[in-house]
Each structure stands twice: as C-alpha cells, then as structure tokens.
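Letters A, B and C name the chains as they come in the text, with residue numbers starting at 1 for each one.
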Amino acid sequence: MALKVPLRKVTVVCERLLRPDILKLLKKHGATGWTITAVEGEGSRGIRASDFEGRNSQIDTIVAPETADAIMTDIAENYFADWAIITYAMDVEVLRGEKYLG
Amino acid sequence: MALKVPLRKVTVVCERLLRPDILKLLKKHGATGWTITAVEGEGSRGIRASDFEGRNSQIDTIVAPETADAIMTDIAENYFADWAIITYAMDVEVLRGEKYLG
Amino acid sequence: MALKVPLRKVTVVCERLLRPDILKLLKKHGATGWTITAVEGEGSRGIRASDFEGRNSQIDTIVAPETADAIMTDIAENYFADWAIITYAMDVEVLRGEKYLG
C-alpha cells in the first residue's frame, strides 16, 4: 500500500552554469532526487530575462522539512552575495514518501 | 465575479513515453485540464538525468482533494512497480475553481 | 542572516502571445520577479495541447498575499472572458523574502 508523507519541495532558480554546484549541495544535504526545468527569469535578485528560453534553471527537490531549511540556508550563505539565485519551499504530500527522507 | 476555490495540484514526473498513459489515467478520474513541462530528472525511484533536456515529463493537474488522492493511488498501484515515476500533491487556490471540480 | 518570509506564488498559464500583457500586469501590481516556463497544456478554459512543446507559457511570481489576490482578480476580470488562461496561488516560504514584498 502506498504511503502518504508530508514533505517539503525546495525550488532553486539560478543561472544555468550553477547547476552542478547546486546539485552537489543538494546531495551533500541528503537529497536523493530532483527535476530540472529550463526557465527564463527576471527578478529582484538579478536574474535576467534572456534572449532565448532556458538560460536559467529551476531545480526542484523533495526532502524532509529540516533538510529543506538546511538547503535554503546553505544556498543563502554561499550564493546570495555573488549570484542571481532565489530559493523557496512549500508543503507537498508525496506518495511513497519514505523514499525522499533525505 | 471570480470565485476562489481550494483545490489540489497533483504533479506526476515520469518518462516521456508514459505521457499518453498518464493523461488517460487523469481523464479517467475526471481531470479536465493539465500542463506538461519537459524536465530532466534524477531520483530515488529510478528517473535518470539525461544527456539532453526534456527526456522526462512533468504533468500537473488541478483537481478536487478526493480526486487527487484517487489519481495518486492509481499511479502508485499501477506504475510504481515497473516505472520510474513520482507523484505528489499540494494545496492551491484557484480562481474560477468551479471549472476544475473533476 | 537569511530571513524566511511566508508569501504566495501565483501561477499563470496562458497562450504564449499573452506573455507581454501578463508581465505588464504583474509589474503594475508591484511584482519584481518571475520565471517563465514553456509548457503544453489542455484544459477546461480552452488551452489546447499543441503539436509542438512550449506553445503555452507558465509564468510564476512570488508576492505578498494581498498582491496575489489583486493579480488573480485582475486576470480574471480582464482575460477570462476572451482568453484561454488559468491562474492559481499557493503558499511558499521564501528565503530573504523581503525582496519580494511587491
């Protein structure tokens, strides 16, 4: 039987070239899965609309709440000063959630 | 006047070739709309990062809470054993939500 | 130190050609950032699945709750009658959220 578990989805939107760094950071905190979407962006933290689609990357990962906090704090401390990057989290209910308890 | 209705957004991330099956499953449960996004993914349920973008598909649909549960359970029972697929749900507030009461 | 702030993410899914109008509307309400994702869609409000990917646009912006309501109401009043467009909102927790208080 499938198990429903309340977890957190953390979203990171960053320049495309930062992807390897962010995936490494996610793994360090125990995240075991993610999806990456090519997006355009513009924002207060410096992400610019691009002439072509997909210049920026949106990385989503689903983790335990305390892991979500740790990931976001790590990103803020190590990337906010020098990079155009934003991060936010939301509640999600995952089926077979025991797979995501990173 | 626009009506705000609390509903659930169900997200399914799967291999691209599963898209027709999943859309058929959503329709069977009464979902009347969805968006599909090309994504890359890697995860504990076997979804792999691909050499090119968009090998996987993210399918989002907005439905009533009980429909969300039925969709996720159906996916778990019929696809988790053999496919790299994940599914999760979250609360959303939809304007003119009466259109989504599938 | 990073600051966590509860805000709202508003999502708009519309035909690609409506993007400039929607971005202008978001700016009018004080939104200072957004991401745009190319999506396929089909739905009760008339958005059609396309022969190629990315015919529709998903626009996400993070704003204060009252701004989220104002944006959604504006979209409903000015676009629902004539366009295939949907909009919904969800709670998000943003790091360094003071940047998004549009």
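Definition applied: contacts are C-beta pairs under 8 Å (C-beta built on N, C-alpha and C of every residue); 3 or more make two chains touch, one makes a residue touch a chain.
Bear in mind the structure is a predicted one, so any value in this text is a computation, not a measurement.
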Superposition of chain B upon chain C: rotation angle, C-alpha, nearest 5 degrees: 120
Classification of the chain A:chain B interface as same or different, half of numbers criterion: different
Chain centre separation (chain A, chain B; CA means) in Å: 19
Chain C: positions in contact with at least two other chains: 37-38, 54, 90-91
Contacting residues of chain C [partner chain A, same complex]: 2, 4, 7, 9, 32-38, 54, 62, 90-96, 99-100
Chain A - residues contacting chain C, complex: 13, 37-45, 47, 49, 53, 56, 58, 72-73, 75-77, 80, 86-91
